[in-house]
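Here the structure comes first, spelled out in structure tokens, and everything after it is commentary.
Chain lettering (A, B, C and D) follows the sequence in which the chains are written, and residue indices restart at 1 in each chain.
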């Protein structure tokens, strides 16, 4: 059993960590780090949003201020707001292992941006990170919640058919905006076709994760990605409809087979948080749907459906759903921690 | 003042006709045609859905069975379910002028599929129709509700930049499925990424409307269109996010100018149902939105926003909204009737 | 292990039975009875609504027509539409044990209307039923979904403080109307303050269940009940806000204690479907809420909160939530079956 | 034409004032008063929520700080948050006429709490106010948005049947919580059975408004009121289901007649904002509904339906809807201003 800390424990993703770690076989939540709420009990500090109810023990844990030098844990998960993550995560990484959902370090050349099934080899960037930063710990990041599901589905297709172009339209859940996040006055009987900086993140992060490690650096994939992001009145689960163009001919049946048989290191190593199938393919006309499919594989599987022809033999359309606060945040980070431990990356 | 009939008057689009015609300066609703509800008063036959309340006079009109030979009106608007429209509309057209929102005749080579601002010249197909069918009346059709807004925005862009490829993702309102239509059990906290036959209709109808009249026939536009359609928990207004590729370089600022300055025959002729601007361009980051923009131009304007670069100088992204039961159905048909009258097409 | 049948297996409550019985320790779903869908496989016949997915084995069970004489099972659960339940349930009861959620027999004087924690003694009516009807089997009913939660909360209060008057306002979920049920066009951004016959059922059924068994008959409780029912855009869980007047003085703290400590036969007998606490009392200002509390006790607990003074020392206000398709239908019937078995009522 | 100021102009009710005054025949919005937003143009300061779009002229008005001594207007409408209203409104009233939607002064004995159709005679309290406070101006208040609709319906019933007891359950729109107000994460697929201090306000304010003026003071009505308040996923319009007990026998048909024929001073004086009917009675089973009825009489009418027996001849049940930001706030205050002008109360 390792003891872990959660930095930003009162936010939506922080709450997801508390839930997922409550029953984790390896990790025990020990340090709760908050900002304004430091000094309070967790139950006083948090406005708990979900249906799950944490144990009394967790609810009565003291929230501590961000003082890395006074805190002791084997690993810290960070889900800080981006604007303060840059400075604070560095302070933690100077001493501690840090796995972060924040966007601050994702695109730094010496920071791995990891989906464990997709690019575990990118963890090798840590050698460069250690050299360059001189930290005793490290920072490893997970992607934007929309990029997480997208890249999971694109990876096997890229390996097999070589992607040239991706046009993706997203229908994103309100939980992606945190709490209180999206006002009900804006979203009842409505859709908002804009999420700040989201389209840029989806494109640039996807290219990094689909990129190849060459000479200790990640060379981004050479794919054109155009994202069009929308907020819809759905609680959880980002749905994405994707049009792709490929270098090699792509038939829907072949694409299905490739997606269905995709496995990664987490499945091979039978990590505790690894879903049996990172990608679940559905054959029904009208799936995936947020409410029905967001919890597939305990929220860790990407469900892909409506796999059909694009406009010719070199293009394809499909729809996917991925749970934004699990695979798109806390769950992916926990799986990354498990993978890193098993592969020996806790000591770089 | 002309007297008009409404075939299928109890459905969602039928209700929209009743509303729009209640105050129309040229057309007076006279004949209400229904199926199972024939013989009842309209107020007994209809489950009125919207907030608007028709006058007592209209609510107490008798619904008549579909017996074209016994009915007298200067024009019939039809919004029949597709499966019965084929046969019944032909019977009406044998005697009467018919403008239809049903899909049955849209793709017939001798039937105009019209958005008045986009392709009024296609009304010339009526010469061929009369010759071939021997009807005393005619059938003119309006497009699928999703194609209506899309083609309105694509037309000026195609004229100026020549379209090669269109990828469109739609977020469609529940009113598009009629009444009772989409069960609340399916759509609360959810999205359904599938609407039967919709993607095919959007592609094929758009190409016909953007096509050119050559030797009395419509030659479809040579554009690749891939649609990805979704139902969302919104009452009215289809939102569509569009990625296009063009033959000529396309800058966002130029595209805006082209869209903003687009006008058609209805504006030129100052037809009663013509919106001042068929396309309204918004500059805000987060517009258009269904609730805020669906009623622009009394539901007859297409609102376009988020006009931004695609992936290179030959591509563009934008979002549009169009009112599905007004511009996408009843309103477009009424405007078509006005245009045909003014241009002399009532007598072919 | 007993083999059970489900009559009306394709509807919303039928689906709930399939889900709840899939893992039941005593009951194994064997016979699926449908109407129009007879002859099909269950997966072809059902439009499965919930997130749960039944096993392949269950999905490929054949749906049979309603032919009681040709069917064999230890017990039948019926969730037929009321209009056909009267005749069909009698046919089944002539041969089989029947526990029904339909309203057809609820108010018959010789038919028990049972919430296992509330009025298990009413099962004694079966003696009279057998005598009068001459059935080899029996019919036992469960209450309307709104009455279920209400009576659960009223029972201990009535026992302790003696109720005189109840005014209850309900905010009911759309699943209570079955599938497709409530059109999304009616309920998005809206509330419907009317549910056909619901207010009458709530009053009359509650009085029967709170009544006393005297000389083999149920004497209804002498309480004035006024219900005001509303449909709201919520998927599952009926919320009810209740104002009561009592004969004895009632303090909020005393009421809480009485509710909190309430237990019934099912808890005593540790029946498999019995929740640990039939009533869960919450202290937060803003609970219970449908989404957070409907699944308490696996949907079998009634969650009561906001217990506060009424207008004087003889009145009280509180809010409760109860899962309408579990405690309000399938779950309550299954618990009744368990109770009847344990108490020896399978053989009357 | 009078020039008016709006204090708290950027909030939800402030926006409603801007909309309603834009076309007002007597009042011209001149002074916009804000807090943190002072110094900005209105379009920079406001996050405009509704579908209506104010004119450029209004959007480019400068927002001024709260400096009553430097501002000049014939009347100020205040919709300040309660916590700052107490002090700030007094400063304005020392110099200016103030009509306020804030709760700060509603229950002060010398401050009229007015619904123009219900208790215009309470304006006489202004004599006492002037004497006691020594203000050159005055403060007149409007009720809580839930009390507004309730009291409108109760007034004629109280006059005719004499109320003894009222139990009211409310289903309130999210706009009542202001902007951003209720998080979408809390209200999608949910109901919140609690609104802070609302139930107390509904009771106490209703009693004041239904009270009688005796010796220059308001004697509260002697009615027992128990409110149970809920927030529901509806944009605008508070729906309230009401159970009443009366001293005199009350038949549903008589109650309808009394409600239907109710008129007040505003109707008599044909004030510009007065609805033709302050109360609209609907006969349909399923009305009123928020979406269909909230805009009756331009949001100034209270729509009452489902008028039916209570539990005996001395009780009644009915449902009403009232637009919370129009009759429940800005519209009621504007009508009060009109009434006061006509009755000569601008000069006390």
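Heads up, the rule we're going with is that contacts are C-beta pairs under 8 Å (C-beta built on N, C-alpha and C of every residue); 3 or more make two chains touch, one makes a residue touch a chain.
Just so it is clear, the structure is predicted and the values come from calculations on it, not from any experiment.
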Distance in touch steps, counted as few as possible, from chain A out to chain C: 1
Winner on C-beta contact pairs when A-B is weighed against A-D: A-B
Relative to chain B, chain with the most remote C-alpha centre: C
CA centroid of chain A to CA centroid of chain B, Å: 41
Between chain D and chain A, distance of the C-alpha-averaged centres to the nearest whole Å: 47
Multi-partner residues of chain A (at least 2 other chains): 188-189, 233-235, 291-292
Sites on chain B touched by chain A in the complex: 165, 167, 169, 171, 189-194, 196, 224-226, 228, 230, 232-235, 239, 241, 243, 285-292, 305-306, 310-312, 315, 317, 319
For the chain A and chain D complex, residues of the former touching the latter: 12, 49, 174-175, 179-189, 233-235
Residues of chain C that touch chain A when the two form their complex: 51, 188-189, 291-292, 295
